[in-house]
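Each of the two complexes below includes subunit A, the first together with subunit B, the second together with subunit C.
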Partner chain A sequence: MTITEARTSPVRDTRRPRRTDPPLKMRLRGAATPWLFLAPALLLFLYFKIIPMAQAVGMSFEEVRPFLGNTYVGGANYSEIAGSPDFGAAVWHTVLLAVAQTAGSIVLGLALALLLEGQTRGLWFVRSAIFLPVVTAMAVVAEVWRVMYYPAADGALNSVLSVLGMGPSEFLNSPDSSLASIAFVGIWRGAPYDMMIFLAGLAGVDRALYEASAVDGASRFRRIWYVTLPGLRPVFAILLTLAAIRGLRVFTEVFLLTNGGPDGSTEVLLTLTYKLGLERNELGVAAAGTVLLFAMLLVLTVAARLRRKEARR
Partner chain B sequence: MRNETALGLQEARGPWARVLRFILYTGLFVIFAGPLLALMIGAFTPTVNPTQFTLVPDRLSLENLERAIDRNVLHYLLNSFVVVGAGLVLQVLVSVLAGYALARKRFRGSAVVLVVILMTMMLPEEVLAVPLSVLLADLPVLHINLVGSLVGMIVPVAGWGFSILVMTEFMKEIPKELEESAKLDGAGEFRVFWQVVLPLCRPALGVIGIFGFVMIWDQYMLPLLVATDPDQYTLPLALRTLRSDDQVGIGVLLVGAFLAMLPSVLAFLALQRSFIRGLQSGAIKG
Partner chain C sequence: MLIHLRKPRGGRRAAALAAAVAMAAAAGCSSASSAKQDESKPLEVWIRQDAGSPAAESAEALTKAFTKKTGIKAKLVAVGVTDFETKLQQRTAQKNLPDIVINDTGQLGNLVTQGLVREVDRKGVVGGNEIVDRAWEAAQGFDGKYYAVPFNSQAFALLVRKDWRAKVGAEIPKTWNDLTKLAVKFTKDDPDGNGKDDTAGMVIPGTTTRGYLTWWFSTMLWSEGGDFVTKKGDGYVPAINEPASVKAVKKLQGMFCDSKVVQPGASTADSATTHTVFESGKGGIYLTGPYMLPRFDASLGKDKYEVIAAPPGAGGRAALAEGENVYLMAGSANEKSQQKFAEFAASPAGQKIGLGVDNGGIIVRLPVNIKVDGTAERRDPRWEVFQKVYDNAGRNAPNLPNWSNFRQISSEGFNGVVSDCSRDVDQAMDELADEFDAELKKQGAKAE
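This part shows the complex of A and B:
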């Protein structure tokens, strides 16, 4: 503080012109500083996000022929992929999976948060244990569930089901249950994540409102319905958009659990583009699929941002 | 009254309430942690086929582990550690530098930079797989081929929008006066950053450290695109090739999966508070 006062004092004022006008070189250096600090991040994003995206757009209008040079084919790739029944099915499966996983994780996550809210040591332990699937690599989760889902009558999960009096299921091996089985794994890993977010939301609900509702003689159920859930509204909004965006880009678990099978019953957008691009080498068509997926993600993200901005007002 | 919960489950006392609570917690524990516990137990049981995947082993042995070592599991694990170690150091460095510029400097274009960062968060490797597979083989201008080397799995993960945003948010909170007084003492820009601002960011470093670790350890698409030879497989990527073994059946897979689970789980347990704080603050602010 003393320094700023000294600067504005009349004695120092005579020197001011020289002090406020640093040499041009210094000023340029000042302007360049933030960009120097940002340079590594921006270079990485340029190389591994922006250029690939631009290349995908470029490739989507070309027939990609390694070593021969690409030829421009207009919208042919787009009409090929959008017109193929595989693509339609993949979009449908992706949406189904995203909706099932989002809804399942939110409902179960909320239930877990309500059941496990509290400060005791035991609860802390149970919450940590339940959270382990979230930090376990997806590849591990997928392999564990492949074993759990072993389709024989004495497979791990089928043994549990038979104790409960339910028949053995084919799980991943049958087109009827494969997608649901994948969704279940997603919910198993997604619910604890949502639980943690809900717990933060629950901690933020005004305790005075609980007291007030107790004074009014509200039942436990009414208290949750009229006090807790409205207080959690912003959390719901965030989880919905996060999960919807995550759902669209599902890949690893599908790739490892079924790789799109059986009979294409679990083919999603990214396993389809992966196969087209890296296994069948139809890079142009796969790039068109990538661009379409990107467009969907963009629309969803922008819509979510706009909605959130409106909600803030 | 302050610790009251929405459901009021903790308030019920008496023996029956206790028993019911215990049953509830045990049930939830078994559902969510059970499969991972079974994996851990299975890794040390002479298991031959998936029907013997269980929480109650009849005997324990190291057979699976020995067989897994024969099948190079330790090499895959080493690859994973190299990737996560180098990737995390770079990622944290890149994030603190970028966060410093965005939080402490006012400059033209900072809003555009933020939009670019948000956009990159929509473009994970899974989405960009097809163009990345072309680009990694021949980087534009530099003409370097990253396919077939661990470097290709390390460098792309160094830029991560999430950690930059966490760092930016945190650095905004640090009082500007500290920085100014250091500058008056004659410290240069980089010294201010390194010796004044960074040491105050330790809690945020914990957050981006644990998140980065879990994120890089979970990488699947990038190693899948980059590795051309089993020599370069990371452990999560190698699991697919370990699904069966002529001697111990799925035993090798279980050991591999257990070893692939352990580091991220231990890292989480060690830095749990940081992790949950990051999860909750980041998501609530969105």
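This part shows the complex of A and C:
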């Protein structure tokens, strides 16, 4: 923010007319230097991101037969995927899952952050312990939860439920509870991550405001509502954007826990794409699906940025 | 952020450079391997087995024996069981396929549609007349031409807990209804005697992944006289909403919803899960292939279970027959050696190595060559049950341009009725038939 101000400072303006332009060679060298430094990263990006992405867009207009050669089919892939009821259901499941996981993680993450904020000795240990799910590989997490969700009466979670006088639940195995069960795993894994970001945000809230509100006689809840939450607004903005993108891209946990089943009740955009592309070899249709997902993410990100800009003004 | 990046003066030049790099990269990608023949080129052989497994060892022994006999170099690559298709797709994208792929017969349609395999002249295969007809049938495409040389065949039979059957005092089931009754006893009568209600009669991989549920259900559907599609003239029509099929699907739904004889979590279980359910003593009846015998002998004990043929239903006896083919992949630089490898693999010498009698690495379950007596080689009468099922009741998947799509679609349809007990089977099968119809049209296999 200060850089633009420095650039437009009057000092530079008064000096500029006196200085002659440097020779062309030096100017070229000056221009090339940053690009040379960027070149390795840009080349990798180009090769591993930009080109494959462009190819995916190309594939979405073709019937893909890698060995025999692709044929152009126009928008047929798009009308096929957008017209299929599976796609509509997958979008709905993806949005539901994204909303539930984002909301759950943020609420739980904030609660954890408020509980675990501070310098007290030993807190670092609790914080690290709670953070563990984030660093554990998703494949391991999913396998552990599959075991815990075992739908028989003697399954791990069902035993706990029976102590409380509930259950047994079918969890992943019933179309009624499968999506909620996956969302729960997502929240369990996402909340500690959100907690860490909240903790960083909390450190930035002015202590004096807490003291002032305490002097004014504000209750604990009111202090959180009027001091903490407004102080955390930028954190919320970042978390919501990140979580929305993460939510729409959900794949690993669904793939490993249910792979879209039972009865397609947990089919999300990416598991559907995976099935179309790799199990049914309709790579063109699958590519159309991913392009649609990309478009959605793009719109969402741009909208979020515009909103933030608006809010700043 | 208000930081403005200075507009680079060399922008246009950088863009030109980037474009040049992109073009070079694209050119690099599109250069496909030419199929110029070179008989000294070693063969690359892929098999769908995990590296380091006994099965991979047998495949290694097979390739070595082939090299020893013919002098043609061959290198075996054991590509993992779970991501074989993905790996093959990657090589397809590079237009550089392995020379030989040993893979499921069910993949044939897929490979043919994508143009990944070469046609095989059945009459031109040395020793081709020693290969059983049913195995050849599984190497035949929708157009009637052959696209592979058979290597291995198998049929499915029931593994039943012998000790449990003695405990509940039941006879060997003679019909599918008997079988369901036995499953009820296994579920309700605490056959393992631990005082807990923790056993299931029927072990079913009910997930839609790789179409497992259809794979399991085929045997039952056909035994009850139902079918997925029926041949009519030059093409096919859906048969899954015919009365016999619907009746079979209702029985399947009943196992999940009324008698509740399946293991918990069946509707999302894959075969890795169901193997564990059976061997850990949580389930009593498991329809599977003979390749599981060595594992269950070790984990459960040979004396604990028996192998019986699936009983006849309303439609007589039928059991899913499958197997593996040796596919001669397209674009190979050594087509002559490709065929020689396939001939060797199907020959008595190749088949005997594949039996894996010594090392337990069974890549040939039931030999496709009539000159090899698998049961005698193995000295295990239980294999005879599988052999008889294959010979007398074995049934290949319908010969459609791409069966695997039907397997996928139907498993989703069946999964729907077993996960939602209130679903009307008649209506669900009508819907499935409509989906079949659309897929038949798409594949150009719809009867006029």
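Definition applied: the second predicted complex is superposed on the first by the 278 of 313 C-alpha atoms of A that agree within 3 Å, B and C clash if a C-alpha of one lies under 4 Å from a C-alpha of the other, contacts with A are read in each partner's own complex, and residues count from 1 in each chain.
Simple rule for what comes next: contacts are C-beta pairs under 8 Å (C-beta built on N, C-alpha and C of every residue); 3 or more make two chains touch, one makes a residue touch a chain.
Everything numeric in this text was worked out from a predicted model, so none of it was measured.
Of the two partner chains placed by superposition, A:G190 touches none, neither subunit B nor subunit C. In the superposed model, A:L172 makes contact with subunit C only, not with subunit B. In the superposition on chain A, A:G247 contacts neither subunit B nor subunit C. Of the two partner chains, subunit C is the only one touched by A:L68; subunit B is not. When the two structures are aligned on the shared chain, A:G264 is found in touch with subunit C, with no touch to subunit B. Of the two partner chains, neither subunit B nor subunit C is touched by A:G109. Of the two partner chains, subunit C is the only one touched by A:E279; subunit B is not.
With both complexes placed on chain A, subunit A has more residues touched by B than by the other of subunit B and subunit C.
In the superposition on chain A, A:F37 makes contact with subunit B only, not with subunit C.
Comparing the two interfaces of subunit A, the one with subunit B and the one with subunit C have residues 3, 31, 34-35, 42, 47, 50-51, 150, 152, 154-155, 278 in common.
On the subunit A side of its complex with subunit B, the touching residues are 3, 31, 33-38, 40-42, 44-45, 47-53, 55-56, 59, 64, 112, 114-120, 122-123, 126, 128-133, 135-140, 143-148, 150, 152, 154-156, 159, 188, 192-193, 196-197, 199-202, 205, 207, 210-211, 220, 223-224, 227-228, 234-235, 238-239, 241-242, 245, 249, 251-252, 255-256, 270, 273-274, 276-278, 283, 286-287, 289-290, 293-294, 297-298, 301, 308.
Interface residues of subunit C facing subunit A in the complex, by the touch rule stated above, are 1-4, 8-10, 14, 18, 21-22, 25-26, 85-86, 89, 92-93, 95, 97, 110, 113-116, 196-198, 206-210, 264-268, 330-331, 404-405, 408, 412, 415-416, 418-420. Residues 1, 3-4, 27-28, 31-32, 34-35, 42-43, 46-47, 50-51, 65-68, 150-155, 172-175, 258-265, 275, 278-281 of subunit A touch subunit C in their complex.
If you check the complex, the residues on subunit B that touch subunit A are 1-10, 24-25, 28-29, 31-33, 35-36, 38-39, 42, 50-51, 53-54, 93-95, 97-98, 100-102, 105, 107, 110, 113, 116-120, 122-124, 126-135, 139-140, 155-156, 158-159, 164, 184, 189, 193, 214, 217-218, 220-221, 225, 236-237, 239-240, 243, 250, 253-254, 257, 260-261, 264-265, 267-269, 272, 275-276, 279-280, 283-284, 286.
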